[in-house]
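As written, the chains take the letters A, B, C and D, and residue 1 is the first residue of each chain.
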């Protein structure tokens, strides 16, 4: 890619059959749903893609299916999720067989690296591939933040092509953006839902928000409204997104783990609207109970009514 | 195995060549070093075995080499380290090709499971293999403890054949041990170094202590002294072990990450004594600097002198 | 107060003599420095006021001195910092003797309350005083966040007059602001420095930023530029503030604790410019070393040069 | 005191009237209950004494009542709980008016001190009083551990007369004990319930266990059995204590905070047996519901039956 990735790049859920294999036709419908909404790229095998739960064969099938469907229409980022350089290299070895646009890589996890060792991790991975490498800052899963100063150094030395910040804090995000040279082609991307408008205002090049799985139109509309400096539309879109974020916590009220609650909400929403065929999540995640489904509907109906009023 | 695993089961480091492949002859020397000292079992691909850093081919090579060398002389436990059931199944699929005695499995990591989901994780794994499954409680790497009540339930329903507790806290360890029926054949094993004698006193069936890599004799002697109710010998051995644990922190004084510091200490010690050929650790770990080596020697010489006085 | 507190409300440091008592004339100079810059209120005995380190006599002296100097010119908020309701009541008993505009109160600390117990804590305090009560969300010191849903409930039932959010995360801040009724008179205040402009954009009623101690003009200018929708000026002011925030970390490079580093930077800056007479901090904080002072100057000179270019 | 404090030193709960004042006659009954059981000392205003919740007048009343009742019969330790040196000095100023044997002091809390600053905190306090100072290591409330190396230094320089370890981990406890010179008069005391026997075996000079409030006889019996090397009796007593510890979690099943659950269990137990007049806990703690009381009885009856069998 000659230009850095930008716009809305949904971190896709992985549609599964009841048997737990990749559901190709649902995947096709999901990607159409996204492309129709005008997204600029797609990201598979991130946390929303339940990568931590899928074996390598299923992971590779995700990449194969997605890259075939996308067919170069938009950039396709792929999570190369594993605990240390040699294991990430192993992921890259099969990702490389497919037509993809970049790798998204976390700091070492399970391991207890120092900051210097974390930097070496990214250098080792970037050295071994010709694909652009994006750092994935997701402390809720990895257990620690990426240090802003280290990210700035890795972007500046071109080890990293960009970063996806899913930390929830915008202070370091701003420090990274402020550090870029005028001619930098680094892609600084935000995983924020509730703060998506602010990330754009800070200069984020793109958004990778979980809620874009179900309402990509809200994020595409937000990015467009922001570009057009249409404050009223920015507000209406962001208000709808913020209200929609409540669905992530639906399952927690029923004792589900955080991933089960979040992925359950996304999959049920897509299933109810006929985009995907099942609500299947990987073991050992717990399915969302019936009562939770009603909560989802209530949240969505309320925000949609308001959204339409806001825009009119 | 008809009887539960017990005694000293060192969590072996993985000897590497300068090129980062498994160093078979060093592995053979290391295992001889252990068997000569009278250990009762061996554990490969745990945290000390840098499993989180090795790709699958290297991991399988470790199991192949170790199982060939051990040749059934003692039980061989193997870590099946990955983030969720489907990925652990994938590890088991190649571990199963070799002659091993049991699997050691952590709670899901990277993921954010509830307690109920963690139990389902172990049930899914146990269901898919005929090998005994041991839970590995290592919160420093996984990010959360295993709940004692859940472990008791999984032991009682025979999902788990045992547990390796590397949490550093003995309160839950005691609660688990106290919960066992008189005729239980569960193996409750401790990863403690500094508290090894107390774990035995609580009724631990075995020890899986990192320092046994370098001084298996101290742990074998401790278990024997404990069995013989020789309090003086118990004290002498444990005092030496406690003093030896200081080597784990050597590297931290030089800015190394925790794993680099601990594994560096073990590998340097074995290298200095001619057991293994290199001090190579996996990327992105940092080698221990020269000054750290002198610290190691100082610590070991002091404790050895005292140990000999204590025993005489 | 008939209108909610708003604008810039610096969380004042406490000027001390070499003997550790309140330095009245430095306090007067500091407050003049603030009022001259156009701040809308003042907050004493917060974390920046080293309240956690001052005994009650010194705390009361701070309130006496500050309320006398301020003399009602602007609202004066006072931290009533203690671990549980009865102990906060004790603080309020002497704060009440002075002319102050509101109390700022954290969740219980040292204690391990549930969310429900935390709500009861605020209710107990509000019930016992006629002063407005502001919740102080400062997880870095208290050890846990205030739940947004609980804050919304306490604001809506008028237990709380407002909240000071020093959590560093804007997502909950936005959720609280979005929850307010159109006719709510709640004051939602942000402790953010690096994200001050975004807090304003989300609708924050006021700012309580530590850096306002030394450069109140930057925050007053930011609020004014935001009110005037002067984007260029907003950017120039915020860029200067963001760069200034680097001084907080100066001391950490020399092994100081976080409070020592932050308060040392603020006090040295004010001392160098002749506002306060000493750089004294309370026991057991460590003074900033000489080399740190040069770092402060370098950071400030660079941002000031750029600020002047940006504005011209 | 010429000899270091040792034996069982219960960390007393504070009996309150329905109005929340110190219930003197219940306090007298509680202390008689303790002295009759043969405890060697008493500790008031610790975490079990709900010190974090009591205002200074109530705290002083606790010391006045306790010191009058105890009347020098056994040593009386007093918690001087506050966030930094000047505030602890303030506590000491009124504690000093009463006849007490030593002060128990935590690391700074609310504050974010470095290790060096934590050491200075203890030095500042010890310097200002002629009473022996005991460090109180209670990370669940303070938010961080005391570093073993720092404790060893403070004991060796006589800043500290001893330490109460309520961390739950015995590894550092052992390192501290092992570091003492043969002629040291430091008192190394354990707050452990479930691991009390092991603390004694490591050489703990005394025990300060919360459960001693309700069954001091179990701990006095344990210490005696340990002194007599009566292994069967050690086991019987410890087994009863371990089983009794389950009452601490009773309230958690009903949504109570940790302190509410633990203190509620202790106070209900003492109330049911007629030792104290009310089950009153300080605001904002939640009372234990009726169903919880039945859980307490069930737990206690089961362990008592077994204890009697074990001893017979």
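Convention: contacts are C-beta pairs under 8 Å (C-beta built on N, C-alpha and C of every residue); 3 or more make two chains touch, one makes a residue touch a chain.
Computed from a predicted structure; not experimentally measured.
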item: Co-neighbours of chain D and chain C - touch as defined; value: none
item: Centroid-based (C-alpha) most distant chain relative to chain A; value: D
item: Interchain centroid distance [CA atoms averaged], chain A/chain B, Å; value: 36
item: Gap in Å, rounded to a whole number, between the CA centres of chain C and chain B; value: 49
item: Chain-level touch network, classified as line, ring, star, complete or other; value: ring
item: Residues of chain C touching chain D in the complex; value: 20, 52-58, 81, 83-87, 89-90, 108-114, 116-121, 124, 140-143, 255-260, 282-286
item: Parts of chain C lying in touch with chain A, wherever the complex brings them together; value: 168-171, 174-175, 178, 192, 194-195, 198, 201-202, 239, 242
